[in-house]
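Chain IDs A, B, C and D follow the sequence of writing; residue 1 opens each chain.
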């Protein structure tokens, strides 16, 4: 909700599992009088597996102590060869949303943002079309129109990168119908969230909804995932399905798909904002 | 429920859509003083599409009237070139269940049968293993052990067909781990129901649960379908999904898959028993 | 979707069950060369129960034939003492939305409307607060601010009725925090749709979310229903639930409740628009 | 699954929240070379709230170390005034199931037990009817028939208590149609699990399914909870709903209710067995 506790930090850790991680980390936090209010921990395999932890803690005299923790935790981290990050409630994440023409995912994010459900700053919205410009600007959010064509794609992406530069923390592809190059993706590892339709069974290739209609599927779904270089094959964050039946036309299946996309994407984005996700290999740990 | 209304027949129809089908059919039924208690009708496309109808109706003096309807409806049917079938509540469908070693789908069907939820006769259970024999026999149902090997498959299927012959109306593959030959399938068109796991995205091939685990799926599903010659590609009857998370081991994903299979298969079987399903091309109409 | 078939009418019927209704109706429609593309029929009890039917049919030379059907169907209707209504695709229903300060249900309806998912005209939005005025007006929809106080309620409702008069077909209470008087409700029988939270078990009275939190519920729901004089006790149209857990604060339960409300209300409204609902006693038949 | 890790213990803790709990506990466990493989922690309110923690850890030289931990943890526990319990994988919990005549919940538990999904011992099944005796005994589980009448209830419960005595750890009421006395409930605090139907809205009192039918509910649910002296008002463990529609008869709503009950109860029981539940006031924390 809108009422963010400005004394509450989050620490996320992953490293090879080994004895003593929890003890060392909680001793460290205790030293700074951190009061742990929530923590989750998971190990893929106690023998040689990976260890993941997420801790929420409150600090008194937040500013001073937070800085100390930030600078001193390396002593622990280096000992266990941790990947770690600390999240400061006073620094909202800055989100860029990429869209094309479909507005359903964008609208859902904007509404939850305005309702105070997403504690994030929306730095900008980038589109390869002009269609949604006035809608976006009515929210007071900067809108950049960057048309992308196959012949100029490299330059177009450079243009986008220069706009994003230092201004954002992560990107949401809210039905952005351009494939990002590996060079672009590499700039934001595990920080680009995409949404795509999903079906059981899969209908790979063209016209998936038409084929889902022809097959008479009973469920229509959507999958939110981090973008990697394997198209739509990155780590899954969230999935949602809705029931349909033979009376749904191809067009109505698409509507159901849109509703599933809104729900799955909005949840994935809120979890990313709340630092609830750790990525390991091609998989997410959502605490 | 157990309280089957023995005066209630069901008529299922499909044919090319054209004006007058509903009127002709309802006039016909009225002539025999049938009281229509439920009916559903669907057209894929009013211009040149297919028409599907399912009618439940009650008859007075059931036996005489039912026979008349059965013999006289051809006059209507031939006019519209209908596929049609009539279902007599006094003749329970006879079901054969094929299993291998996993008992979860079998058990679900046996319970619902015993609880009076499935108004069907279970004529026999056929297995390529002996594991479930005593369980089945404790229910008083004949059990046939027909081991199937690749070299003798043709003969084995012949053996099965000779046991089934005239004794059953449809077959449920309740985790039967043998692929039926096209010759076998052709004997029971749209009358063999299978269940298989399903994932979004699809994990085709070996070890699907292991790959679902590695990909960190958030939903595990199952699809019940009619068997055609395209393995697991027949018309879908029902689908079910259950939520899972990163804490589920591959083994626990399999457990979730089993629960989804039980639910989806049992629903599909009950709809088949209640004559709720019409098949058209590779799709079901479930009324 | 947006592509409404302007030759497709809908006929809804309810009456005491008796032989011949379907035949008489389909004969009648055949006479006007109506092509029935979908129909559903349900009887509460074949002996002395109520009969409900909904038929979608296409007409050639729509305008002329529709008028004929409209004027001539009374001959059938009076014979069977039917309640019936006919729906003209060329006349969109006119909807008024009542809101207070919460915008989540309103926004959901406005999007679906704008996305072409609701084939309806939104005639006006009425609120007892000014908060949502500029939002509504950005959609080009008339907004009326009618503050309601307990002492002036009678007059306030008269004012509202005079604005609605002849301009609308039904009302959606999209989180309108005023109780309508029996006199008001009587003007729009089965034509006022409301949404309210719902819980298992029920938490009747004040602070339901706080009590749901204290009880540790695992599901949060919403119920869309027609308004009758029994507060929140009218015929249920649709219900939706979302999973929650102990980590949800009271505030977060409310957020989940809002999401459930959006989904349940939007579905109920779309079914009302598509003439899918018949009401009988305190119950809906949703075809 | 069946493959229980016999070196894995679980520690559950609750106490007033205060700094240092996690550090003290993890230091303690490290001293015994426990390898924490999963942990969850939750605080109702960091200022004066309650703290809950569940830790799974692996031990080398299990037997010796486990005993040491068991005897030494009191030093930590008393410092923080903890409620705590330790769970030994080598000691399966012993479950008693109470039933009356309905077998659906019992069957679900027996099947999951047999499938290795519930790592528990079923010590006995107690019933006030003889109906399910042969079914139970076919599983090789002792069955006790203890008829209960209102006049002899006190004695009947004494009889039951004397059979249970020292032989069981918790009780599952799998559709046991007798109300347990406060004296009985007091013997097994937070260790009696019950299942009951649940509806939105609530239909309190007689014939709930009939009233749900008359109201035309669209969802049918079940709630599993711990038994307290307030009938059906104890801490909720799990809830499940299934979709229904106007075509469901009262009888068919009951069938849907049974399916919801099976699912909700089986999940609740498996979580209790796996020590995933902590109770605080009238609420569960399910980790």
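The rule is simple: a residue touches a chain if its C-beta (ideal position, glycine included) is under 8 Å from a C-beta of that chain, and two chains touch if they have at least 3 such contacts.
Quick caveat, the model's predicted, so the values are computed rather than measured.
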Given subunit A and subunit C, the chains that contact each of them: B, D
Of C-D and B-D, whichever chain pair has more C-beta contact pairs: C-D
Interface residue overlap between copies subunit A and subunit B, same or different (over half shared): same
Greatest separation from subunit B - chain, by CA centre: A
C-alpha-based rotation, subunit A on subunit D, 0 to 180 degrees, nearest 5: 180
Centre-to-centre distance between subunit D and subunit B (centres being mean Cα positions), rounded to whole Å: 36
Computed distance of Cα centres, subunit D from subunit C, in Å: 42
Touching two or more other chains - residue numbers and ranges from subunit B: 38, 42, 247
Residue ranges of subunit B in contact with subunit C within the complex: 17, 19-23, 26-27, 29-30, 33-43, 46, 58, 243
Partner subunit C, residues of subunit A touching it in the complex: 1, 3, 38, 103-104, 107, 111, 115, 117, 138, 247, 249, 251-252, 255, 258
Residue ranges of subunit D in contact with subunit C within the complex: 42, 198-202, 204, 214-219, 221, 223, 232-233, 235-239, 241, 245-247, 281-286
